[in-house]
Structure formats: structure tokens, C-alpha cells
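What follows are several structures.
What follows is chain A paired twice: with chain B in the first complex and chain C in the second.
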Partner chain A sequence: MTTEQEVITLTNQVFEESFEIEKEKLQPQMNIFEDLGLDSLDVVDLVVALQKKFGVKIRDDERVRSIRTLGDIYQFILSLKTEWKS
Partner chain B sequence: MEILKLIYLNTMFYVSFFLFSAVGIPLLSLLVAFLSLFMSHRRTMKRFRRAINWYGTVIIRVLPFPLVRIRYKDFAKDDERGPYVFVCNHQSTSDPFLMACLPYECIQVVNIWPFRIPVLGKFAKWAGYLSVREMPFGEFSRKTVELLGQGVSVITFPEGTRSGDKPIGQFHGSIFRVALQAKCPIAPVCINGNKKIPPRGSLLLRPGTIRVHKLPALQWEEYKDMKPFELKNRVRDIIAREQAVMDVKA
Partner chain C sequence: MQLKRVVITGVGAVSPLGGDVPSLIEGVEQGKSAVQHMEGWEQYTGLRSLVGAPAELKDEKSIPRKSRRSMGRMSFFAVQATQQALTDAGLQQKELSSGRVGCVIGSTMGGAESLNDAFETMLPEKDLSQLTSMRFFQCVSHTAAMNVSQYLGLTGYVMATSAACASASQALGVGYDIIRLGKQDVVLCGGAEELHPTVTGSFDVLFATSVNYNDIPHRTPRPFDRERDGLVCGEGSGILVLEEYEHALMRKAKIYAEIAGYHTCGSGAHVSQSNKDAMVFCLREALASAHLSPGEVDYINAHATATMQGDKEEAEAIRDIFGDEVPVSGLKGYIGHTLGASGSLELIVSLAMMEKGLVYPTLNLKTVSPDCEGIHHVMHPLACDIRVMVKNCFAFGGINAALVCKKINHQ
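Presenting the complex of A and B:
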């Protein structure tokens, strides 16, 4: 099973590779819209990249709409992984 | 004494603004309607947008003088060719009017509320302005590419809302995705000096000089390999840097 640290590392990799955001900015409290500068269309790209990275299906999940911070994404991926395993 | 002068000049501006609009808008409309009898739809639209440009020029350059002065500078490279996607910073309500400085056939991408302004909103709609939040991205993209294909430049304020005294805000990426698709040049436009002309939440124009700088355009060949996120931040950085330079010089 993917550990919390692995989820954080892989998620941060997605932000670095897909959006070229510096590592130092990737803190859990960062708002992905106001601090990192993503918009609604970037979120679509983010979802596709996360699906590819973690091998999970996110696209139709309603919980994506409530994501605001990077920490929310870590928790969301972790919960998906847990659900998927059970 | 200074306050009385300010109130007097503002009163003069707003009275002349309404008088000029009451006379100028019907006159220009009649002129375009008359010309449309002899011209194709495309040429009529061109004249119509030019008429809007004339109206805007009087509003920003003539009526507020000497309270407000406008300095426009074009830093385009010699070999640049439009139509452009103009990307501008957004500090004040006066920004859309200042776009009359740009000597091109243009439409603007607006938020919902400008279409609700009496008279001016209607004309904006007729001129083909695009209300980005009232249409799906696919439709926005198709219409923008179509306009660019006709030689019409597209003016955008990708911050989405006025930044006022705050630093330049984050950019929305829609227009950059469209530019990548349309393969057209992106010209950053930096507006400086109008934070208080008028200030947010007020109609009182403060005296000052507004500078509008049209910066060298990024050609499609230069940005074609960038992702939309990278592209929007590149353009944002260019405008923010110019803004800092203009702040120092002001």
C-alpha cells in the first residue's frame, strides 16, 4: 500500500512535472488556486496527471470540487487508495 | 481649494461623458447603420468596432483632460503582425476604456457584468464581445479562433477581477489555451497609473497620468512548446516586471 509520504512525494512530482512549480512552494497549506495559480482548466490537467501517476479514477469523483489546498489532495488520494484496497 | 477643483473637473467630466454618449452613440450608430446598406457584414462590423474605438478615444483622451492624461507606447518589434491576443493587467474600471489606445480592430473578453451596463453593454454585445463566464470553454474557444481568423484582435484581462492596490493577481488560463490553438501572437499590455482613476468603490477620478505599454509580442513559434500553465505565468511575469519598472519611473 502507498504510504502517506509516498503520496506526498508523487503528488508533488505531478505539480513539478505538469506545472513546473518549484519544490519549495509545495507545502500542504498552499491553496492550489490562490497560491499556486491553477485555474479550473488546470484542475482538469491535474486530475488526468494524478490518475496516471496513481492509477486511480478521479474524474467523476464529486470530492474533487471541494479540494482547495495541496493537503486536501494528499488526503483525497490517500482515501481513494484506502477505498480501492478495501 | 484642491478638493473644489477636483470636484469641478469630475463634474465636468461626467456631464460631458453623458452628453457625448447621448449624442455620439446614436450618431455613430446611425452612421454605421447607413454604411451597412452598402457593405458586407464583415466590413460593417469593422466600421462598427472602429466607431467604438473613436468613442473610447474621446472618453479617455479628450473628456478627462487635463485631469487625466494618457501616454500610449508601442514596443512592438518591426516584423510583428496582428491580429493579437492582448493580455492586460487589470487595476481599475477605466481599463476597458483605455483599450481604445490600441489601434487595431478589437473585441474584449469580459466578465458577466459589463454586458449589464445600460447602452454600453448592448453595444459591446453587438460588437461581438465575449462574456467568458456565460459560455462553455469549447464555445469560447471556437468563437475566439473564428474572430482571430477574421483578423480581429482579442483583448483579455486574465486576472478576472480588478487588483486595485494589490499586486497583479493569478491568471486564468483559457485565453492561453486558445492562443496555442489559434497560433497567434500574444501581446502583453501593461497599464500603470490608474489605480485611483477611479479607485475601487468610487467614481471620483484623481488627477494623474496613465501609461499604457504594448510590449513586444510572443510569437507562436516562441511559445508553442509551452504548457498553458507555463505560458500564462510567463506572460504574467512579463507584465509584472514592466509594472515594477513603470512604478519606479512614475
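Presenting the complex of A and C:
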């Protein structure tokens, strides 16, 4: 079972490894576009990286479109885990 | 309509002999071979040629992530070579976005490594969901031209030629024509290529590669030699700044040479077999476009891949036009066959020969093969006042290209 802290750690790893963003910037309130500098192409790669990191399939999940902050991603992944559990 | 004159005002290179032009020229001058045994290639069943001439990929992290993410190996080479060429030419950043500066950069098939990785990701489970957004940009056939233009902010013509081993030569020819027509003032031209087992493999299945020197790699390829047994693939990028003559004069640029003539043509005969008659036609047309006769040519930089048939046909074509008067040498013994980059990397070395008044010999040519006799093979460094030279490129697909350059004496 992945804990909330594990979700945060693994998600932050994706941002460090795939988008070369410094650890200090990885705060939940950070907007992934305006604060962390991602663009639409990066979102494609973010989805691929998250799928690989968490072993999930989210490419066609409509909720991806509403992600704005890093915190949104933590919550989205946690909600997936909850859905799986139920 | 009065056509413009076109001159070369800058050069840049990443080659198997090093990451810049001086290391390339010094390596050739010292008779170094960059060919080596390729570790790990034994795992490919059926791949008989285990040699290659790799270039070193370095400092790519200095390119910002958003520019870097769309670049595969060959685009890094092309970007670095282009930056060197621009510095050499002394062109300013503000000129690049004037709409009057473009680029034409060719390759055989785009980024082989990225293409291979894309298939390895997708095919085992027939699943596209793990493909990243950048695979397309890293492997398409215009990846080098696209990345160079985006990274440098070029807003002029952006084109990519793709004619295998004639790709760079055609890029230079297209750049030459664009400037002659007055459409651009400056065009950054050349080619880029990457070494990969799938690339060597594609020649290997055609029995066109060198297979007898896997344990003594520096002795192959052997252009025009009796013991030649095929080509050795290499990688890198060579970029030249082509510039309208008056534009270059106005900014007091160093001029390496003037492009005096160019021609490209198909053989219409066979996809892989070189064709002497088509080569002769291409060379004669290139000379005619330069308003020069064969007797006015001082040096020929041969395509000379060291394949059995290609070298024979090229030697016959040269003999038919030039006899045994004009010095001929090839450079693939030093850097392998850099395929889509060979036309530009080898032209850069040829320009150095022109500047130094010295012809570098064909490395590994020890005994001229009987079927390549009758031309003036340069087997040792040869002092030579090169005022006019011809660069040959003859590609799979029966595509030929010849470029004529001449010294310019205004300075």
C-alpha cells in the first residue's frame, strides 16, 4: 500500500528526473505550468512517467486535464489508489 | 536575372576525431584512424561488421531542457557543429531571426537511436501508452534541421535533405541555389548522422560493410585498396555557413572558398549499384555549371567508401574525365563513412587542404586495386596549390552529387 508520503516522494522524483526541477521548488501549491515551467508536451511525458512510477493507466483519464498544481497530482494519485482499494 | 555568388564563411564539426574542426583537421593530418571495435555489437545475430567510428557526445546538458528534450544524438551533434560554424563566421544572434538566415541539414533517416527506442517501447506489447511526446521530434528525418532552427531562433528557410550519403552534399547544393536566387543571405548547410547497429546492419545485409578487420579496426575502411572489403559507418555533423558574396564582403567575413558549381542527378539504373556513366554525367554537369574545364581542377575529394563496386565505378568515372593528372584522395579511412554528414565533414577537411596547400592522403590505401588504377591516387601528403576542387558524393538510391569550390582572391 502506497502512503501519502510515498506518493509525494515518488511524484517529486518524476519532476526531478523528467523535468530537472530542483527539490526545493517541489511544494504542493506550485502550479506545474506557471511555477514549474511545464508545457503541453511535458504533460504528455508527465503522464507517461507517472504511469511507469505508480503502475497505473491514466492516459485517457479526464481528470488529468484539470490538474494545475503539484498538490492536484498527489491527490489524483491517492484517489486512484483509493479507487483500487474499494 | 543575375544570380548571386555564394561563398563559405564558417565551418563547424563534431566528428569521430573530436568535437570541433581543429581536432578533425589535426587528426587527419596526423594520420589517425577513429575506427574502433564496437563493444556489444556481437549480440546482434547476423551482424558481421563489428567496427565503427563513433563521435563523443559531450556538453549536451548545457542546452536548456526545453530545447534539449527534442534532440536525439544527431541533433546534439548538429547543434554543436552549427554553433561552432556561426562563431567561426562571426554572425550575430540578431541576424538569425531576420528571416534572411535559414538552414538545410540532411541525414540518412533521422535519429536511428530514438527510432529504435520508440519501436522497442511500442512493439513488445503493441502498446503506445509509454511513448513520450518527444520521440517523434527526436527521430524524424528533419530532426537536425528542426532542432537547429528552433534552438537558434532561425526564421528563414528550414529544410532537410534525405538522400543517404549525398544528404549533406544536397543540403549544400540547396543552400547554394537558395542564396543564388536571392531568397536568403545566409544558409547553414550540412548533414548529421548517428552510428547505430541498425544503420551498420542495413549496409551489412547488402554485403557492403567491412567484415575482415573486426580485430584490427584501424586498418579499415581501405578506399581504392586491393584489400578493401567494404564501408565502416561513422557519425557526427559538419555544418558550413553559406553566404551571399556581397553580404560576406560587407561584414568583412573570412571567406574559405566560393561555391562555383553543383549538380545532383539520379542514375535511373539501380538502387544500390554505383553507375559510372551517371557519375560522369554528374561531374560534367557540375563543372559546366562552374564554367570550368576538367583541366582546371586541382584536387578531387572522392566519395570512396571502400566498397568493391563503388570505388571501382568512381575511379573509372574520374579517369574518364580527368585521366591521371588530378590528385585524388578520400577521407573515410580516418573517420569512417559518416553517411548523411560525410559530404559536409569531408568538405570541411578539403577546405583546410585548400587553405594549407596540402592534400591529405587516402588512409589505408597501400596497394591500389587493379580496378581502381589510372587516376592520381594520393598515398602520401602532397603539397598542392588547390585553386579549384571537386567534392564527390554518390549515394544508395543511385543519387549522385558533386560540388565545385574555388579559391577566392579578393583578400
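Rule of thumb we're sticking to: the second predicted complex is superposed on the first by the 86 of 86 C-alpha atoms of A that agree within 3 Å, B and C clash if a C-alpha of one lies under 4 Å from a C-alpha of the other, contacts with A are read in each partner's own complex, and residues count from 1 in each chain.
What we mean here is this: contacts are C-beta pairs under 8 Å (C-beta built on N, C-alpha and C of every residue); 3 or more make two chains touch, one makes a residue touch a chain.
These numbers come from a predicted model, not from an experiment.
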* Asked: Is A:41 in contact with chain B, with chain C, with both, or with neither (first, second, both, neither)?
  -> both
| query | After superposition on the shared chain, which partner residues are touched by A:72: those of chain B (first), chain C (second), both, or neither? | reply | neither
*Considering only touches as defined above, state whether A:16 meets chain B (first), chain C (second), both or neither.*
neither
Answer with first, second, both or neither: which of chain B and chain C does A:59 touch in the superposed model? second
*asked:* Quick check on the superposed pair: does A:33 touch chain B, chain C, both, or neither? Answer first, second, both or neither.
replied: first
Could you tell me if A:51 is touching chain B, chain C, both of them or neither one (first, second, both, neither)? second
Going through chain A, the residues touched by chain B and also by chain C turn out to be 19-20, 37, 39, 41-42, 45
Counting only contacts in the complex, chain B reaches chain A at residues 137, 170-174, 177, 227-230, 232-233
In the complex, the residues of chain C that touch chain A are 65-66, 69, 129-134
In the complex, chain A touches chain C at residues 19-20, 37, 39, 41-42, 44-45, 48, 51-52, 57, 59
Contacts from chain A onto chain B in the complex sit at residues 18-20, 33-34, 37-39, 41-42, 45
